[in-house]
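Listed next: structures, encoded as structure tokens.
Across the two complexes that follow, chain A remains constant while its partner is chain B and subsequently chain C.
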Partner chain A sequence: MFATKRLGKELSKMQSGLPNGIELIKADDFKEWLLDIRVVDANPIYQGEVYRIKFMFSPNYPIEAPEVVFVQDESHPIPYHPHIYSNGIICLDLLDRTGWSPVHNVESVCISLQSMLTGNTKKERPPGDENFVRSNTQRPRDINFVFHDPHV
Partner chain B sequence: MEDDVGFESQDKDIKPTKHAYETDFIVYGPQEIEQHQNEQIKEVSNILGQPPESTAILLRHARWNKERLIDQYMEKTEEVLESAGLDESAISHPPRLERVKRFMCDICCEDGPKLDTFAMKCGHRFCVDCYRQYLSTKIKGEGEAARIKCPGDGCNRIVDSKSLDILVKDDIRERYKDLLTRTYVEDKENLRWCPAPDCGYAVQCAVKDKDLPRIVPTVHCTCGHFFCFGCSLNDHQPAPCSLVKKWLKKCEDDSETANWISANTKECPKCNSTIEKNGGCNHMTCRKCRHEFCWMCMGVWSEHGTSWYNCNRFEERSGSEARDAQAKSRQSLERYLHYYNRYANHEQSAKLDKDIYLKTEKKMVQLQTTSKMSWIEVQFLAAASQALQQCRQTLKWTYAFAYYLARNNLTEIFEDNQKDLEMAVENLSEMFEKPIDQLQSLRGDMMDKTAYCTKRRIILLNDTAENLKSGNWEFNVSL
Partner chain C sequence: MSSPSPIPPPNDRRSSRASSNASQPGPGSSSNATSSLDVASEPSDLLVVGGPPSSPSPLALRASNSPSSKRRKSRVEKIPPDLHLLEYVSPCDSNLVCLICHAPFGKPVRLVCDHYFCRDCLDHAWEAQQDGHKTCPTCRNRVDVDREPLSVPRILENMLDELVVKCPNSRLGCEWSDQRANVQDHVMLYCEYTLVECGSYDCRFPVSQKDFHKGCLHYTVNCEHCHTSLMRRDLEEHQTTACPNKSTSCPHCATEVLRVELKAHIKDVCARAIVPCPGAIVGCTFVAERTEVWLHERSCPMATMAPHFREQQTRLERNEAKLEPLARRVVILEDGLSNITNMLYPANDNASSFPVTNPLDPNNADAFPPAPLVPTPDFRLPPASLHDSLREEVSRIATALTEVEGRASMMIINDGQRFKDELLHTNANINNMRVQLHWLMSTTLQQRTANSASNSTSGRAGSGATASTSAPSGSTTQGAARNRSGAAGPGVTGHSPFRRLSDSTRQDTKL
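And then the complex of A and B:
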């Protein structure tokens, strides 16, 4: 109920226009949406690639943060970034319980992710990526990330 | 006194430490906790000249660090009051709901002139429904109370209890008050809740985080639960908290599969990937690095010439080097398994201890009826069972401790102590299996063995604790 009202409003606003480089792909219900983003600036790491983001909403959205991950398929790789694991899980304080504010929305999260990529100069995965990806069985919301880097 | 100790008056009542492994502590019940809280509120209230309700808010805001609160209050009264939501204007303009022209709520995106809205002094205004939903999620869902922030992005303003009062319903308010009381214990560095289910006691202990590499502070709650004041896990003496954490993590990663891997696989001599040979010939190609090698001798396949499927090249250098590396990795796994199996065995036995104890009670009743022994006289069985449980718990952790221990001239003494305790435990454990009719005649023997187990445990724990304190142990990881 709570989420439905808000997501309905977000959807109609997004359908009337989104910032450059952000595209709504699928929003058939109020549980799971897909969006595509690309980096608009000339950052050589992300040239010519489009990334797909999956949003999952709880009924208590936006009081609770959505779960947001990158998803991979033939035409959408997982972007290289020191805070993005190769399984698509994103380590960003904005998406964590303590960093989330209900004032954020799907569009603002997309913009944050876009600018997180734009500002990145390192074509690398987070330290311990291989281990994390192999052993992680938790949902993103249940992982206790330690945000050691405040400059993202 | 240099630290902000909650219950100064009681500190001198602490009995002197008996053994090196024992830590001083005091257990408090729910009434005592509340009483201490009220005493401190009263004391600070007198110093600041603020009413007790406001003082309580100030103290919670300052995480019960009263010295710092008093200092800051004396220095910049206005600022301190303001940040806790207690400034002049808050008193003359108490928080209230408002209807605002041209308002749109940033949470639900609703607008309209009839919407009741609320904002704290920070000015982040939201509709009442959203604010209420936000607070109830924080309080009921996430168990927060004293430090719920304004829902605005990046706003650090804490929702004060007066604001909360006008926003939420009674059930949430009750939960909020409970949680506030809990924060007293959580905020105090020298207090910790007993982690046993439904236990309302808290333990006070002076051991701090920075002391943990040198001391293992096991405390004993009035409810009967032994736990570590450093990490709240079950008693894990003699292993320090950081080793316990590492060990548990390692077991979680390794134990399930380690046995199987050891029995069925080898590592690729080039990239060390673990490989299972599930049939076929000896010509192996590593999936990962494409290295081709012989399963039998682990040597490079290209050197095998035509002697396929029948490796007899045991003397070749490339093969023997690969086998050396293999043996090393195998050895480290075997070393881990050695300690893990013993650890797991005692853990398993510790789980069975519960059954043993229940059986013991039954045996005690049976013994009373079959012999002329009184209830007091059969207590030796309960004592034996308890000693057994405690010793097994200690033994279990000696194996995790030993796994990380680097060999020096002290390790031999440790291993002797471990062996002695283990033998004492097995001897006593065996006696529990004896039939009831023999137990009566074994009473004296069993009491001796119980005392001996307890003594061996104390010797082991004293030795490890003393050497930990003076930094004599060398570990193959950093603490």
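And then the complex of A and C:
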């Protein structure tokens, strides 16, 4: 109920306008939304690419953080970033239990991801990406990340 | 106001604005109200709207006639409006919006860091945090739970109170909308759509406050027009808005028609309904009231042509509909045909679309087609293997036969060689004997010609004596000797056999 009302308000606000480079693709229900983001500034790593993000909301949203991952298809790759695994899972304290705050919303998360990509200079995957991608069966919200990089 | 509280006597409506800040009526006033109401309603439990002048106003009666009886007191529950669920008439200033629920603050509170939240939202957010580690959701400042949250400035509360909201019962039909400060009084006292418990003793359905005086409406009735069974409560609404057999007036021409026929009336009959020109299907854009369209129709060439076009269209559609099953049948039949062909000529049909494996073809590695549509391979497999084994058998027999034939002819050749050798040998022997005989004969002839001249008389006696002994010994070579004598010495045919025989005996003794 709480989540539905709040997401309804967010949705109507997003439908009336979103920042440059963020686009709402699908929000048919209050469980799963799809958004597209692209890096607006001229960063050669992400030039001309559009990334698709999937939000999954629990009934306790916004008290609980949404699960946010990049999804891959023919036209939407997973961006190269030292904190984004090649299966789309994002290591960002904002999306973790400890870092999440109910004042964040879908739009602010998208802006954070956008700026995280904009400020990146290394075209690489996180260390141990292959192992993680092969062995990980957990959902993003059940993974305990260790946040070590204060520069993002 | 969570517990059922008696309703205060109806004040002037305007005064409720003032009392709204203290939404819970004071204990003193409420007890007063109860007692006065009890006195007023004691004479009769009948619900009479607009009773004697001494009784409270009808409004108050309606609002409070249930608590008047003791049994009701505990059962009437009006739920106070939840400020979070209110619908606001106009979008409000973003500064008055809680960042957690994204709605105008319900009961706003302030933190030391000067961030504002609804009390409820802040509690929700803090529930998820550990004790002693409560932080501000916005800036993550550590919060001292004992001192915070703080109260908010009066001006903020006033601004919130002035926001215009709709009645929470607007979905049930209430059209009230006013400043938020009044909503509590409206819902709890005046709103006719607030649900209260039914006045009947054993009925637990809620009823709108405005219908309370009608008594219990929660029994099933049949609509006398359409015979639908429904609750008495919903009957009036049904008859005014839904019942198909109730007459209603056409919204365009004000003719009275049955509701069930209203659609057909508007679609085909109503003179004032806005309809397009019948030529619209071929491109006429004229749209007007039906009477005008009738006038337009006479001059519109497209409207004249429209029926023909429509007829052609339906004919086309009909044909297409017919074509489709036919095409499907053709496909099925073609499939069947190719299956039959594959069944009949499995060996030389590898190129056909139907995947058939030739079991006799050693180059074909996979024995079965991936997914045969019909079980032709299964059906053909046993005879094919039989055929195969028979063929093998025949070829084996053929090779055995050739072998035997070769051996037999070899034997015959060997034997023939031996016989030929023997024959040659014999011939050589015979030749040898002939040469000897020839030589003996010529010697004998020479002797005889020499002797015949010297003793022609005495020779007769001597030859006669030897003839008796020499005759049996020369009988074996008689034929041969005779032949030789015939071929080699035609000159001696005139001689008598006795003389010759005696000559040969003499030759033997000489050797």
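Here, the second predicted complex is superposed on the first by the 152 of 152 C-alpha atoms of A that agree within 3 Å, B and C clash if a C-alpha of one lies under 4 Å from a C-alpha of the other, contacts with A are read in each partner's own complex, and residues count from 1 in each chain.
The rule we apply is simple: contacts are C-beta pairs under 8 Å (C-beta built on N, C-alpha and C of every residue); 3 or more make two chains touch, one makes a residue touch a chain.
Because the structure is a prediction, the values reported are computed rather than measured.
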When chain B and chain C are modelled together on chain A, clash or fit: clash
Touching partner for A:Ser135 - first (chain B), second (chain C), both, neither: first
Partner chain(s) touched by A:Pro62 [first = chain B, second = chain C, both, neither]: both
First, second, both or neither for A:Phe2, with chain B first and chain C second: both
Touched partner set for A:Pro102, first chain B, second chain C, both or neither: both
Partner chain in contact with A:Pro19 - chain B first, chain C second, else both or neither: neither
Region of chain B that runs into chain C when the structures are aligned on their shared chain, from 149-157, 185-193 or 275-283: 149-157
Chain A residues contacted in one complex by chain B, in the other by chain C: 2, 5-6, 9-10, 60, 62-64, 97, 101-103
Touch list for chain C against partner chain A, complex: 84-85, 99-103, 121, 124-125, 127-128, 137-138, 140
Contact footprint of chain C on chain A as seen in their complex: 2, 5-6, 9-10, 13, 60, 62-64, 97, 101-103, 105
Residues of chain A defined as touching chain B within the complex: 2, 5-6, 9-10, 60, 62-64, 97, 101-104, 135
Chain A-facing residues of chain B, complex: 106-110, 130, 133-134, 137, 141-142, 151-155, 253
